[in-house]
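Read from first to last, the chains carry the letters A, B, C, D and E; within each, the first residue is number 1.
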């Protein structure tokens, strides 16, 4: 157990998973199941028309980076993602706190927040474009509309989870509402918030990409859309690969901040 | 490319433009890509940003919302918008045939030999309410069938459509290139009705039926005649170039990415689509009527509206372009 | 020295209002299931703490001692009766009081030092001064070396002492203390008790001190009250402790007056506990 | 305060918000700002081309229900939503627990889960359609792919948040891993889980609708798409209105279950 | 009766292995900041509890009593030394032991009755029987009427008693009890103490009993050990209590043997506490 969780071993295991996935993908998309084995015709397990092949995808990705064409698009998408994440998370935190502390506000607006959360963003895209134009802001809005709700619900719950004794102690120590927020609610809701941030990093990116996909002139979503239009699955998968790698990087940053802000927690005893 | 056009003498009122399109790599919009890649916009002194949208409807909405200046989109939008009180005008025809093809699943070809057999079939269209949907409605009506006699399934215009044809989930499908060329070349489908060719259109519509056009808000055209002229010129040049070009020529001009999926497929699709591109840039009267008939038949909103067809197309700009560009 | 049971021997009514006064207080909690009748923890409780008085409250477990302190702190609103603080009816929290809770109440996300200094910082003391004074207080409760730790790294008794420092450093006018020395060994208990007495003698706060240790109650307090066993418990006995001040907790226990008083209160208390035990044992 | 939070008053306030929103919408979409006031031309604050008008939307919705055409589509969408919600939530809970209890599994798969969370689902639609066909399952898959991650991250965190003392107590009482799950982790993670369920109800619906939007033969998303195709904004908004109302109903069910399962929690002292 | 300091007077080595044996145990916690040196709470602790023996552990606050119990329970793994349970080295949890924690450890989401019965249900007892026996146990700890409540609706002392019932109902071979009677009043304490003694005398479990109350330690135990003040604390004294059994806790205190022993242990302990207080006061 202790051996298994050491850094290099862990990394090796992670690599193993990657190799396995890519291996399956490679075989499925390059080896034809001979005719008569399962069905009449010989066929691919993962038809390269829909799945491309890993070699082609890596080649394309490498080329995109080597020639540098992708940096511009990546930059735009990451900017949108970062903005969507920051604005959505900030909004979720602020409104979440506000709702949690003002019972009536929460009770009155509760159904409307839930309604808003259920609106399909894809349909709203034209309205975002109308209000915010075609620049990055309409994409940011789409990302915000995903991130906000995830963070909001978690912060709202996190604030309500504060230990009543600790809260009473804080009040008896004379804290004002603002000081309660800073010294009690905020640190107590932090774990909740970070849990939601891990989810919402991904959603911020999804929002940005889908926004680009629905209408734009640049960005990874735009590139994916272009590739889809000409059946260039390799291009589609290469775009998604780049997305996936970058979300890991952003998430790592979130984790570093999280560990910084939650040093005080007891380390949980290991499962086994 | 031609030069010495008098329009060049004047400066465009709005040299920096945003142009919308719903799926730029689609062959339906090939003239746009040609105009862009061959530098016709620059020649005209225009700086055009092309914004790609998830679909034609979204680019139209962006035009009306004011975030873009011009759209390359379906001609029928100009008719619909008239019914909705939005003043939109097309200035040059880019595609003279819709390019929509109705195919049936290979294994079911024996069962569905003609449109009349489709009763009770599952028919894939790019989207409910789209022109592919209306096209099938129209074909059915000619056989005395109603839209309710088949069940429509939206399958999109990309890989999903191919997937459904392969899976055999749908019996028939109305779609555009390159989906059609793909399913044809893979041997998954058999053509029932084809509007990519002259004779096909003759048979189905009794003449042309405009597809892609360049349309703008009438206000914009009135306020920026020179800009509009220059835009029209660029597209006109593009049509002239396409008239003479071979599929290989096209492949050389379009962005490399367009070929990355499958070059032979692309060439085949271009070849199949070539007849659909407009030659004169002018929408013939019969074309307008055909388009309107198709819509009126199945859209209750349009049925009650009175459409002033000549208002949908302003031919003065193409005329001027054809005079100056040889 | 004169221990007298019953409320007859109340503190003479002087001109100054009591620091805290509970009058006919009734506190009820909702039943465990919605349909259950409410549980009346305290009923008709009368209690008065004069300014500068050290009052100890003893009583059988679960009788309602913490509940009374909560009412005095403004954390529980009585269903009937009045709570007055320095003569004014209490609305909302009792801002004059410092409360050492029976349960864990430290901020787990703050270091021990920050836990202690937060009260000062809230009151507007500069961070540097607050830290310095907190460090001093930590030393007084025997935790000078533990300022950097987080609460979960402390033993039960150490946590309690941090809580003590957290409350005392604010120097409130009324001190509510719920078993403050519970998890401490006898020796540390005495040290802390003397610390509290020293502090109290400086400016004579009003103190409400809940404890299970009758020795401790008598050694510290001016007056000891005992509560009846719950439910619907109230104050049933009161003794004035006329031992000389200043006292040393260890020494005061050796005096015969102490023993006499102890015996008397103990007798009354034992009866009550046995009664309470029987009541909660069977009743539905 | 007490007065304000009574049931009828609360309801009245909620109604007030609805009336205000609809009022703004009505005025914005029917009253033209006269020329010269703000800009040269007279214009609508909320152009009915994009926003329709509330009267038209309610009329249409009423008609759809009166004629009954909508029930079939609504039924399909709700079925998809329910399935997406149930499968996604169950998957999130199970995998969340599994990851939280098996440190190594979590560590090894962590980056892959995060990558998967960042893939734009819209782009994956063709693959879902390929594997699952055009019936309800490809839409369910889309919904699941949204719900799963939200629930997963929260359950994962919820399990890690269990009080160490309570956990130790349970272990000393002799609980097996399974009993720990049932008696400790599960109840302790419930609040976390329900917080995520409130978010994911909305997302399940969004997934189903977007799936229908991208390709289907029935359902509210199909109707919305159809309406969009012919620029029938009234139809689009009417569809979204129906969605919004139904998400509130589903959420109410979740809340009832939540209150049932978490009776043991102390009622948090009121904010003010 | 013969109180002797030091470990010399260890229980004679019989054939039977000790119920729990700690040998040269060292327990270190990571420092508060990563760069800090680890904090050695216990160093070279030797402790042996024979089967059927009642051992009381006293020591200054923060010396490492809870830490030792955690080691015996298998919750903390010693950095050095061995822990043996009935002769076998302890790997993982000590499945033979029941542990009453110092901190709150009830399941907040279970009713009081379910909290008590869970141990039986886990052991495979039918639900109906488990409930019946739990109800019986609740009565014994004076909470018969409170079975339907959730823990947060109880007073501190009531919660502790639920914990007591939760552990005792399982009838484990080794009992680890960390200040079980801390928040109880003196009278209830005696009742609970007698309850524990009755139970213990039935089948003579091995008990490790941590308390701050020396009276209680002597009244209950066969042997009392005291620990030195931390850090790096260890067992520094050991006294055999040869008072007659069965004992009544209240009465045994009145015997002169009790008083002699008390004085002796108290003397040793006081010294240690004062030392400990000084150590933690200043050191960085």
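Keep this in mind: contacts are C-beta pairs under 8 Å (C-beta built on N, C-alpha and C of every residue); 3 or more make two chains touch, one makes a residue touch a chain.
Please read all numbers here as calculations on a predicted model, not as lab measurements.
Enquirer: If you take the chains that touch subunit C and keep only those that also touch subunit D, what is left?
Expert: A, E
Enquirer: Along touching chains only, what is the step distance from subunit B to subunit E?
Expert: 2
Enquirer: What is the distance, in whole Å, between the centres of subunit C and subunit E, each centre taken as the mean of its C-alpha atoms?
Expert: Computed from C-alpha means, the inter-chain centre distance equals 27 Å.
Enquirer: Measuring from the mean C-alpha position of subunit A to the mean C-alpha position of subunit D, what distance in angstrom results?
Expert: 17
Enquirer: Hey, how far is the Cα centre of subunit B from the one of subunit C, in Å?
Expert: Roughly 84 Å, centre to centre.
Enquirer: For subunit D and subunit E, let me know how many angstrom lie between their CA-based centres, rounded off.
Expert: That gives a centre separation of 51 Å.
Enquirer: Which subunit A residues touch at least two other chains?
Expert: Those would be 50, 122, 126, 130, 168, 213, 228, 266, 269.
Enquirer: Which parts of subunit B, given as residue numbers and ranges, touch two or more other chains?
Expert: In subunit B, 61, 65, 158-159, 163 touch at least two other chains.
Enquirer: Got the subunit E residues that touch at least 2 other chains?
Expert: Within subunit E, residues 75, 103-104, 111, 150 contact more than one other chain.
Enquirer: Could you pull out which subunit C residues touch subunit E in their complex?
Expert: On the subunit C side, the touching residues are 29, 32-33, 36, 39, 58-62, 64, 66, 102-104, 111, 139, 142-146, 148-150, 153-158, 161, 179, 182-189, 191, 212-214, 266, 269-270, 273-274, 276-277, 280-284.
Enquirer: Would you mind writing out the residues of subunit D in touch with subunit A in their complex?
Expert: Residues of subunit D touching subunit A: 1, 4-5, 10, 13-14, 17-18, 21, 47, 50-51, 100-104, 107-109, 111-112, 114-123, 126-127, 130, 149-150, 153-154, 156-157, 160-162, 164, 167-168, 191-192, 194-196, 198-199, 201-203, 205-206, 209-210, 213, 221, 224, 228, 236, 240, 243-245, 247-248, 251, 266, 268-271.
Enquirer: Flag every residue of subunit E that touches subunit D in the complex, lowest number first.
Expert: 73, 75, 93-95, 97-99, 101, 103-111, 118-119, 122-123, 150, 152, 166, 170
Enquirer: Within their complex, state which residues of subunit A touch subunit B.
Expert: Residues of subunit A touching subunit B: 49-50, 60, 122, 125-126, 129-130, 133-134, 213-217, 222, 225-235.
Enquirer: Please name which positions on subunit D make contact with subunit E in the complex.
Expert: Residue positions touching the partner: 165-166, 168-176, 179, 183-184, 187-188, 190, 262-266.
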